[in-house]
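Chain nomenclature is as follows: A, B, C and D, assigned in order of appearance, with residue numbering initiated at 1 for each chain independently.
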């Protein structure tokens, strides 16, 4: 029988190997957890600039208050308080196409524009070129009746505060590349093409920055899930100290409006 | 109606607040993700020593190769490749009492010994005192027919390489306290009390070190789950590039031995 | 290498075998799904009485309105509408010790009383004998500071309407046995022993009836989860037609009370 | 504040209402669980023919041996034996696009052909008409580079034994309608259009039959998940009696081939 290949981890009686390194001797105390996470996701150790952008993205996406995912985790803990892994899993399961998916969708959208340009050897080198690429892409989305991922936010209607900060960090670190440049171009051309003002949102800029920082589009949602894991654990810790789920349950129960279905 | 209290996150049109701080201005690019995670779990910002121990624990627990949790995640991705959150959740759901639970069990065991000593004002201040406390506690576990959490490892029979490294880091950082001291004492007295050599394992030492670093026992499993999230994402990324789940499935299918049940 | 034994299912090019029978020829259209479910759980085909009790339990436990599990499933669908399996899983994860666990806890409690009596050859044959056994058991729970599983209900304070109906069905079908008789005895002696009136609840009576119907205590929670799967799918279907999760989210968001934590 | 509408369940001190009926008086012992499940999914009580088809589909989809979903559930139980809900959830999470999704995909494909025909008032009334519709649809799929859902099976290369049996049941019960007729037509025309013999598979015929039996396409995957819940509980019950997960884990561990990644 053939073997099962992996380059992640293995162990024998006296040592544990992770990513080809001795876990106890070479990694513990020497590599940070965020750095290790990037390494696991990409199989490459980040340079300092990539790491700083990756850290900033994880911080940006860790929490958003009482989102549906936080509520689902808290409500699940109420029924199964001895399975914190179940409450965490329930929260992560809401990290799908609508919320956490934006980071991935935006990265995929930008990549679908840049990959052919790269193949043609025609990645722009100035803002005018990126604006042109962005204009075509936004027009194509509109023609197909699709939204442009990364544009607009239900709360931050005049601008998502995370967007300029992450762009600035990426620029300082020399990580900003074609993905962020194209994303900024989308922000510049969208008002004119779509006829309304839609700010570049935080989930979207995170997708663009991660691509420039060397994360494959297939793992963008994974990064958002890692960030959200920390936020959900924060919610669960708070729920143990000061429960909110019973209040939510009670309020919904109190205000339930039972509508009899048609006759069976 | 009363409100739903939280101290984690909130937002308004122009700003996002996390843990009482402005996310974009004060946290992104200024606080690392691991530091933020500790802060979310404990509602306290770690000091540098606590943070280094927390980082080392997360690195120590991130992965263990083709564990059942990694296999469950990979097999789930095979059936639902478009829901990476589902594959991750499936992997985390195996983080229960048997594997990741050891970290929590060990912390709870140590705490069940230290809390009454603390109340009596009798936490030891030398090794002899900790040995005495450990001896009583190990005897009590044996009398009750219970295992001592944190003792023994199926592979690392002569010593888990993570244990001395984590203890050394905690000592360097001035974080080592009564939990680690009691845990070391358990390691010293166990051979004599139990009549066999059982090394202090890595999951256990992580529980002890996290307690000394200020993490509540109720969140120890949560820390292990955060660590494992990174490991599982690494497995899922590798699974996308070089699938193993179909090989496992095929091998099990090939070697299935169908045993007819008794007549229905 | 040794094989992987199973008696559930297997297939070859021309046939599919389930529980030792030809799925297409002998089971489809000839065995009901509930009957098959009992068979899968117990490896025995139910007799008609056992099946009717099993059906009644599944109907009794299928739904309870806007419970935390239903809310968690609906909130998860909001974030990941294309992964109905994720929303269902999130709902089931709340089926832990607090809610669905009562069915299992009650069965285990009754079994912990009956198993030793059975071993001693002293299972009672009249109500007086069951009352005596119940009195000892309830006293022992009280002495240990533990609740008696299956007693009391937050809403149905004067009696759970499911309890007498399920007992009547089990008696009609000749399925009622020592578990239900002991459970009824607990209901008779509890007011006197505990000094207050606590009705026998529906989750508890389901546990007792399932035990008498031949389901192992280890699978009682599994039966409750199967029942709840149908209820959760009903909620998800309704959520797709007439969403409630956005209303819940909006209401919680509106009424969030942000309490700054202490200084970081 | 507005209320939260539902037509599923509610309760007050003395009664429980489900689907507008008194649970204890009108449903328990009077309605089967499968019938209740159909009712919950569709908000309509099935007629006897629809119920028999629904039962046959659930039986057909309940299990398939050591599938990846069954393995994921068993491996999860190994790590978290006290959370059967977690092991079940892990198994269901693999019920995504690749396996259980075929039932939904096939229903959606057929619906995408029939809905416009229905709107035009041109649903065929003879086999020739359905063949024509099927030919166009299969050609369109091929032109778009998409597979035809419901065609082909990795094991049952010469015909899935479930397909003719389910069609026969649906015909006997007078439930067979345009979805099954179109599906059969796809089976007739595909060899010629695609140039190879691909049998109509069981997952596909279940999707077609459920549509004819009145289940909305949005809930087809839900029906497959309900069926699989029973199968997974059977696997978990068997795993408790005769564990297979440790054998799988051990075998994978034994045959792991560690490939060091490039230098970090």
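We adopt the following convention: a residue touches a chain if its C-beta (ideal position, glycine included) is under 8 Å from a C-beta of that chain, and two chains touch if they have at least 3 such contacts.
Because the structure is a prediction, the values reported are computed rather than measured.
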Path length in steps (a step moves to a chain that is touched) from subunit B to subunit D: 1
Taking each chain's C-alpha mean as its centre, the one farthest from subunit D: B
Mean-CA-position distance for subunit D and subunit A (Å): 31
Centre distance in Å when subunit A and subunit C are each reduced to the mean of their C-alpha atoms: 38
Subunit A and subunit B: spacing of chain centres that average the CA atoms, whole Å: 24
Multi-partner residues of subunit C (each touching 2 or more other chains): 1-2, 4-7, 10, 43, 65-66, 80, 82-83, 85-86, 89-90, 93-96, 100, 248, 251-252, 256
Residues on subunit A engaged by subunit D in the complex (per definition of touch): 1-7, 10, 17, 19-21, 39, 43-45, 80, 82-83, 85-86, 89, 93, 252, 255-264
Contact footprint of subunit A on subunit C as seen in their complex: 1, 65-69, 71-72, 75-76, 78-83, 86-87, 89-90, 93-101, 245, 248-249, 251-253, 256
Footprint of subunit A on subunit B - complex, ascending: 1-2, 4-16, 18, 22-25, 27-29, 31-34, 36-37, 40-43, 52, 54-56, 58-60, 62-66, 70, 83-86, 88-90, 92-96, 100, 155-159, 161-162, 164-166, 169, 216, 218-219, 221-223, 225-227, 229-231, 233-238, 240, 242, 244, 247-248, 251
